[in-house]
Each structure stands twice: as structure tokens, then as C-alpha cells.
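Per-chain residue numbering starts at 1, and chain names A, B, C and D are given in the order in which the chains are listed.
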């Protein structure tokens, strides 16, 4: 029956592929063949394991050995030692930096201990390009169940009862959204999957699409049945070629099996899915903008109401959900609303996928129950701050979110708590900052993003964000005045209050949140003309420490603008008015005589 | 707008027509058509947009409006080796800005420009989703992870040597 | 209709469900400021992108402020249109808009007539914070023969885009770029002149700022009028007299023909003539052409194409020359009245007063911006000298009258000069939609049947519907007539012709809403339909007042043919009064061999 | 590939395919089921441990026993190869020597299924193979 006694799961996500995981697969296959183990061991390219920091990951089943940072040349040793001789290759196992011990299986790694994988249940477990593996793990069971056992109303009620809320940012009840579209009578309705994940530093949706595309296909069909639609569209970023390919494969396989198309599973239900590509506009994550983009227009948002559930794609009732939301649907159908709502917190049910990034030890993709604290996420799962630096803040909700600090570490994560703390859930990006990050600069970075991504339709967002950015620029250049803070706050508040869509309504958050939490840093920039983190170039001063300078002239020769003077064997001097702070002198000095103040 | 004037040969025009036709000349498919056209020609010069507009029966102004709205579409040809520096948050906090500056300095071009010999162009992109490897740089299809400014000249050399 | 009750500024108001806050407030006299919003009422064009946020109001229980122009009321809604939160927000957003707007109001053509300027004033903006570090979005200034685009002044209200695309379906303009640099522009930000723009001027008519303005010839006119070596004559289009009064505080629909003539004389024109005269002449030519095409067609001549389309609207001519190039042989070859006038003036009249054409300056007062372009066309020049030297709009004329301290109201009523100032009622109604075809019918009927019309009022041809049709009985021969105003409607009729479903014999098309009375050079009607309606009534009133109402009865026309032209469609008439059309679609494909191959 | 026309088809297919990926699920929760480790060093393979392992895997499946079979390095009892360590939930691990197909059959039927002791146990001087490292 089951031919293979050993499975070698190799991560084929974008991150691991970038670190040559495809070559790892090739080499493993080659070695297994050389050893004549073709029918004994099987290499499976799976979706993302989440532990991107240590990619590429190779997991050996059944003994659950978790190899990290595997290079193509390691394949031979893995096969010869582990598969043939049953000896684990110790140097490729994960080293727990805290306890300085070796952990051989993922179960015992802090990164995985607190995770609960629902949306990511198949990621890193199955071959995303093989529908059979999906079916084997209860794939399309939920679709079958809904089609045969439930009326659309019952299906919607089940989703409503589960308490699932949109995972794309807004947090609107998914069941209610479906209900609104279901209530509208129309000759045609549409199910749209929003896969235009644009938050910089977020890759949840990409990982799901790459690791488990069928779950989205199945969920969209379930949604179609529930709201009375026969047509689904996935709006996906063109920057995600691998996800596009896998989704295309999944749709084709589903069609071949008759799980998409006419008369699905003999029930008479008809549903099919098409892809639409984004073209690099963050604002298209907003559902009205997304719909305009799918219609072939500029992705400018329009006023709501009318909501897409009343008038969406081509003016027809449309339900837009994001990838992660959809990924939860089949499980909820299979295991029931009560099971789902038992996970998570009082106000937010289920789990949330986060992309951990930034100055954190374990960069990667995690799925945790709602209500977990930031501390658990950052210090237990994330393994704390890189290089033993001090935690300063975590940015959630992408450019629309805010910064959470030390004092929020024990706040349980859910939609409302994050908003109360001045940030938001967003789609799930979590970028960790340490003491070396300047919060004024970070605010400027996000504003730079919104300025570039603002569609330009409404005045507060189009011009206001530009002005916010200019004021921040002024402050980081050392020209700020105390009035600028007042101006930032008033301007920021009005932009939030008057902007047309979610982009502008949240774009000042990074500024307002950093003013709120890191006023001392703003004051340092404005009053003392100093950047405490040493990031803002204009506020840095290069100096030569007299005691260390030997007069070797190396720095003077390196200086591109002739700002350094001094005779040979005499102490040199930097003319700060000429200095462009390029850092060439520091690089050149062998005596640590140049310092930044 | 670019000042490059392009002569479209008949096969080129036919190719564009074929692409439009594969989407049933539906105006709603404009973005898909533009994707495919850009994939074919490498960029979307004005003349190409005019043909697309005519085939889909929409105004050229609208096509141009769409092309200039989406950062994925370009009206100038990219370099033989397009360099994309990820400036997503994760890469930013891990020093992408310095890497970008180094590329600009090294190639003496700005973001969105192409070197005189047509070899390299630089663009920024927002998050390729390889945050574990931050900062990330892509040259063509190849991804470089954990790029430090010191590595930049070596990366460029890799391509200048192949020619 | 379902009613909802709500409270606005503590006042209770009951309105129909689906009404916006803005409109609900209006019913109780609360005028919420708007900027990008534009409601063209019966034209069914409502521009409410929700872009300027000037109309923001506070709605109880709502997280953020609501744009009242685009937010529907609901039962029990509590709205505050003037809370301090609202006033602060409006001020800040206005400061933002101004921070990206040139401050040269003193010399801006829209100064004093600028919606942005007056709203800024109303909101009490006295300084713009951080202007010293504020970058401005700047664009190349674009001059065309009719319209100037100064997009530094664009506030992205998108009204022009709506007019150009939704109403006119011309598609010359679109929002381009993204974010701070987004702006409304032709494709590739090319010159308007190279685009498919028809110069209909509807974009100019709705622009709230100085971003889109007409090419202004008043200074040139003053220079010419002060030149003793030139004879300067003027012609005034029919629609001007029905709207000019509005610029001087008169109610819409006030006819000011006599005062207008008087003002023009005071300004120093040597002769004040009437385009209506040329309109009568147009009917002679176009009517004859129609009859000839009709007769040949009815006699089974397959080489004759029908329907015949009118050709007096230059915006419309530009439209089909660039977008319906397969149908260039359908419109009448008759020149527009403006050009017929110029042609006759610089030949017949110049001879009459015995001066060389170079010394005769022909100026036209037009409700239209496309006329500025039309008179520059090469077809209408003789050895480089244009038949009509330049055209100024109704608005420009009003400005000039004010500038010359002429007290318009106290002017006496004067008559046009002869011989080019006499007109019939048929010439007058050219100013409104349906008028040209009605005038043509009056003459064609009598010429065709040899009978005298008992009633010259063809009510079935009148009205404001975008597309109208009627069948006129030409003594047993039914003639199907179509009428469209607005180029979007014209497109519909043209597509009918293209796919062979059209059964019309003749179609009148006007580019602007209501015809010339709603032209791009008229006093701004802000989309208020009742204003257009009043102007239309005035035109028909003027027609009624005329002793002669059929073009072929105009004694000066009869004389012109006798003394100069011979017969309608004669060789001379052909040379002077007819034209041909060129395919302008070619110009947008520029193939310049060399450089890049792809 | 044929179409899945009915729900029953889908169910059948799932049952058939389940075994393919079952291993991946089971390996996540080894403590809930019988764990069998087969020593698989070169010396063991030479004495037929691979055949033993294949036999055990197939038989367990046939007899519907929830178990995870993994391989491990040499246990050091080379004299008694092939050697197999069996951990039944709640019990201490036991190592068997000279496990050929016959022996394996006995272990499954008697020890694993019925909890009876079987001959051939190697005296334990360690707790678990893993922890010897």
C-alpha cells in the first residue's frame, strides 16, 4: 500500500527557494536514487514551514527530524547518514540559542510550541502541487459536506456562529459579509479572494497560496454556494509568481477532478475560478479599489456605501475575503463552529497568522491563537531580539498600523486591543525594532510608503501625507521646531478623519503612535538636535579622538570632500561644515580614532 | 514620459492584437492585457498602448492612466539585468537603504533608470516575502539574501563578467 | 417613495430615502460647502468622487467625518455641519489643497470667478503652514488653439474627466499617475492639440479653478481695435444674446440682443454684424444639399449616403474627424455659419467697402471654444489669411465690456449693421439643440414641396432630451429626423449608422448640452438645467419676434446670391461656403523610424 | 485522472489516499501511539533490518495498529541484529534482538496488541536510544 516508509519534506516557499531549496530537492532525489532507496524514501516539496529565518528547511518523517539551513551539498550526508544509517546529522539540527541545546524535532522548538495551525494546517505538510495529498488530509470534504448536508443559510449561520472575522485588516464578521451578499437577489454574484497582500513585511497570504492553494479554492466554492455565486476571482499580486503558478495548478487539478466546473460532486452546483493580477498598487488591497482594478481601471477606491455586497464587481453583489480568512473556512465546516470559537479570546475567535520580521531571532511565519500576548510572540516564539539588543517596539498592521512598545507586551492580541493600543491587526505583519532603530525615522519610512502608494484621489491623503513626510524630514534633518509636533498631530488627526478610504484613514498612525510612545525621541531630534539611535545622518557628527589619532592621514585621503585636515603624524581634524557623513573615514581608520557623536 | 520613439513592426502589432484577442478584446481585461504585453515586449511604450487602446476600444488616455497608476508597468525598457532592491519594512530595518545607495553609487543611476549600456536598471519593490533573508536583492530571477553594501560590487561583477 | 427623518444642525428634516446629506441640508437652507462635487441634474451626470472632503460633516456615532455629497441619509441620523471638529478639518484640508496650488491669484484668469478662491476665503484661510518646505506638484503648461491647461492649478476634482469621458465620451482626458503627482491629462501627457480633444470646452466650463481656461483673445482685440489701419468687424452667434445678460446680473433667459450690439459699437467695432445672417446662408447651402441628396436617394441612387449630418458645430466636426473617420462622407460639406460669415465678409463685404482682406479683421463672439480652433484651420485661410481672424467667447466679451466701464444695463438697444446683420428666425434658433434642423426643414419643405408652411414651429423637434427623433411629412414623403446633443449621445446615433440600424434621413448634432446655449464659452451654468431651459426659451422667443422666420426669405441672402454667389451649391458657393473633412485619427500614431526596436 | 462525480467517490478516494500522508500527521504526535525504532546502521542493514522495517510497517498497517516506525542509528547490540526498540504509550521502551519477520510478527501480535511479554528482550542499560547521545 503506502510505498514510502520515509518522507523528506523540503520547503518550497519563496524564501527557501531563494536559498536554493530547489537544488536541495534535486540533490536529495539524486542521492536517494544512488542509494537505491527510490521506493523507500520520498522527497516532497511542500509549502512554507514558517521558520524562514533558518531556511531552507528539510523535515524527515516519521522521526520528525527538523534540519535547518540545509545547503544543496548537505543532501548526500542527510541521505547517507540519516536515511541509510538512521543517524541524525547533528550539525544541521536547530540550536536553541537560549538553552544552548540541540533540538531535533519541531515539536520541541520554542518557535512551534505555542503555535496552533489552522490556516496553515497543510503548509509544510503536503505537496501543494498534488491535489491527492490535499484530499488525503480531508480536502474538499467540507465542500462535499456543505453541498450535501447544508442549505446556504445553514452554511452562513455556521460561519457566523464560529465568530470568524476578516483576517485582512478590517475584522468584519465573515458570516455577516456572506449574509449581506446572499440576501441580494441578482442574476450573477461574485466571490473574490483578495490576495493582493501589499503590506511591506507581510507574507501570510503568499505562504498559504504557495503551501496550500486548494484550501482557497475549496473555501471560495463554499462561499459561492453560500451566497449564490457561480464565479470566483482571485486578485493576486503579480509579484508572487510562485503563488500564481501553484494556484493555477490547483485550479486546473480541481477542474480535472470535477471539483470546479459544472455539477460539482453530482449536486448540480456550478462554480469556477479565474485569476486577476494586481500590478503593484498597495491601495488595491482596499476592496472597492480592488474591484475597480479587476474591472481594468485605475485602482482608486470609491465611497462606501454602496458596499461590494450590494454593488461590487461589474455592479453585481460581491463578497471579498482575503486568503487567510478563506483558509479557515474548510476547517470550520469540518470541525464545527463550537470547536473554532473555543480557540482564541473572548472577542476574537480562532487563530491569526503573523509574519514576524525585523530585528528578531526567528523571522518567519507563525499562527497563534487570538489572545496570545506580544511577549509570548516576540520572546518565546520569536526567540527575542537579535544580537542581544534591547527591544524597542513592534510595528503591527503595516504602514497603517502603529508601534507597540514595552508597555503593551502583555496585552492579549486581538482586533480591539490593538486598536485601543493605537495600532491595528492589519493583515498580520509584525516588524520588530530594537534600540538601534530611530522611531522618527521609522515613522518617516512608513509615510514614505504611503506617499508613494496613495492613489491621489482625495486631498487629505494625496497632499496631507506628503506634508507629514516633509515635516518628519525636517525634524530628522535637525530643523524641527516644537510647533511641528502640534502640526503633525493636528494634520494627522484631520487626515484620519477626512480621508476617503482605509489607506488615508490610517496612514498617519505610525506618526501619531510614535509621537505618543516615543515623544522623547522627537524631543531629542528637535531640542537637542540628536538622534539617540544614531540613524538620522544629518544629526550625526563625526569627530576625531585626539588620543587615538596617530596622524597616519588615511582618513584625510579617504574623505571625498576634503573635510579632514592635518599634517602627517599630527592629530587630524574634521570640519563638520564640510563633512557629508559618508563614513569613509571610519572605515579607513585602524585606530578607532574617528567616532560618531 | 519617455522620448524614445518606437517603430512597431507589423509582427509586433499582430502580436499585441493576438494578446488582446486572447482576452476577447474585453476592456475589463485591460490590466491582464497589459501584463501580457509587457511580458512580451519588456515594457509598454506609447505606441504599444495605442494599439491596445484601439483593440480594446478604450481611450488611449485611459490606458495611459492605468499604466501610470500601477508601479508594475513601465514605459522605459529595463536593463538586461534588472536589479530590484526590496525596501519592505523587514529589509528596511535590516539596512536595505544602504544597499540601495551602494547600487546607485556603483552604477551611477537612480531608481527607475537604466545604465547607458542597457545592462542594469534599478528599481525598488515592496516585500518579496523573503523576509528571513532580509535585506533581499533580486537580479532578474535570482535572489540574493542578507546583502551587505560590501557585497554590491561583487554582485554587479557577476554580471559584467558574463556579458 | 420611502421617507426618512433626520436632524441636521438641530433642525429636523424629512427627505426621500436615498437622498444625500448635502441635498437634505439644502432643503432646509443649509449650504454645505462643496468643491469637487458637481450635479448636472437632468443631464444625469453627477460628479462626486469624494475627493476634496470640503463637504465633510459630523454624523453622530460615526468614527470619522462623512462627505455629505456622497453619504446617504438614514432614519434617525444626527448631523452636525458646523461643529468645531468639522470646521477645523475643512480648514486643514483647504490649507493642504492650497499648499499645492500656485499663489498667483492676482494674475490668474479665473481670479474673482474661482470656486477654490472663494471657498478659501469663506473658510478664512490666511496662511499656509510649512509652505517653505512644501513641495508642489508641477506640470508642463499646455497651450492649444482653444484651451490652456495649467495643471499646477488642478485640484483633482475630476469634473473635467467626467465631462470628457462620461458626458462627451471623447476620452481625451484621464487621471494619470498616482498619489501626489496624479493629475488629469491626455494620454502620455501629450499636448491637447495632439490628442483626440474636440475643444468642446465642457471641461473648461466646469473647472472650478484656473487649471483649464480658454485661450483669451481680448488683449489682441483691444490692440486691433486701437489700430487705425484696420477695419474691425464683429459677428455674434445666436446663443450669445441669450446668455450674455447673466454676466451682468440678469436672470437666465433675458435677451440682450440690442444692448449687446450697442456695447459692441461702443467698444469701437466698425461694423456689428450677426452670425445669424450666415446661419440663414448655411440653411441655403445645407438645405439644398440635403434636398439634393434626399432626392437622389429617393430616386434610388445608391452612391448617395444618408443620413446627412449637420456640420455647423466645430466640436462635433473634430469628434467625427478623429473618432468616426470611416464616416467622413456623411456630414454636410457646408461650412459652419462662423466660417461662412468670414468667407463672405472677406470677399463680398471687403469688396463692398473696398479694402484688401488683410486690412479687414473679422472677429466672432461665440458661445464656444472650438470656434477658436475652427477659425485657425488651414481650410479657412486664403494665402495664410484667415477668414475669421479670431473668436472670443461670451465670457470674454462680458469681461471686456466690464473692463471698458460700459454700464451694460443703461445701454440703449441698437440694431445690427447691414448687409451682414439681417437674419430670420431660422438663423436665430441655430443657438439651441434642434434649431438647425428645424431651420433646415422650414426651408427644405418649402423648396421641396413648393408650398408655404402654415406653421413654422416644429415643436416635435424641440426639447432637452439627449436624443430625439421625429418624422416630418414632406407632402406625402415622410422624412425621419434625428437630433442629439452632447457627444456621448452623438456617439450612440453614429454607432447606429455604422451598424446600419439607423433609419434617419437627416441628423442634427451639437456637441454641448442644450446646443450652443450650453457651449463651453458661455457663462457657467454649473450644470443647472433650468438655466439652459431659460436660454432655450429666449432663443425661441427671439425667433417668434422676427418678422421673417424662414432663411430663404432673408432679403439680404437673396441679394447676396443675386449679386455674388449665384445659386446655392454653385461653383462659387462651393469654393467659399463648403469644406472637406480630414482623418485626424492618424496623428495619434507616430511612427518615427530609427532608434529602438522591440 | 477521472472526475470525482459523487460524494461517495470523494470519500473513497480520501480513504485510499489517507495512508499516503498519515505518516506526516502521526509523526507530530508520537507519544499517543506505539513507537517503533528500527536500528538501521550499515551493520544492521547487512543483517536485514531494512526488510524487517518494511515488514513491520506493512503489517502494522494491515492489522490497523496506530504506530510510528522510525529508523535510528546502531544501538550497539550488533551481536543481536536486527534490533528494534518498541515503546508502547505509558510503558518503558523495550529493545528486542534478532528481529526477523517471524519475530516481528510475534512482537506485533503479542506485545503490542496484547501486552504479553515476548522473548528476545535485550537487557536495558539505557533509557532511550535518543538520550544516549
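Points worth noting:
Please note the rule applied: contacts are C-beta pairs under 8 Å (C-beta built on N, C-alpha and C of every residue); 3 or more make two chains touch, one makes a residue touch a chain.
Treat the numbers as computed from the prediction; the structure is a model and nothing was measured.
Distance from each chain's C-alpha mean to the overall C-alpha mean is smallest for B. Distance from the chain A centre to the chain B centre is 23 Å, each centre being the mean of its Cα atoms.
Chain centres here are Cα averages; for chain C and chain D they lie 89 Å apart.
Centres computed as Cα averages put chain B at a distance of 54 Å from chain D.
Centre-to-centre separation between chain A and chain D, using Cα means, comes to 40 Å. Shared contact sites, meaning residues of chain B that touch two or more other chains, fall at 58, 62, 65, 69, 71. Within chain A, contacts with two or more other chains are made by residues 281, 298, 300, 455. Counting partner chains per residue, chain C shows two or more touched chains at residues 175, 177-178.
An unclassified topology is adopted by the chain contact network, corresponding to no line, ring, star or complete arrangement. Those chain pairs judged to touch are A-B, A-C, A-D, B-C. Taken in their complex, chain A has these residues touching chain C: 281, 298, 300, 302-303, 305, 451-460, 462-464, 466-467, 470-471, 473-474, 484, 487, 490-491, 494, 496-500, 505. Of all residues in chain C, those touching chain B in their complex are 165, 170-178, 185-190, 195-196, 588-598. Touching chain B in their complex are the following residues of chain A: 14-15, 17-19, 52-55, 198-203, 206-207, 238-240, 276-282, 293-300, 314, 355, 357-359, 363-364, 395, 398, 429, 431, 433, 437, 442, 445-446, 449, 455. Contacts from chain D toward chain A in the complex involve residues 1, 3-7, 9-11, 13-14, 17-28, 30, 37-42, 44-45, 50, 53-54, 57-58, 61, 68-74, 130. Listing the residues of chain B that touch chain C in their complex gives 1, 4-9, 12, 41-43, 45-50, 53, 58-65, 68-69, 71, 77.
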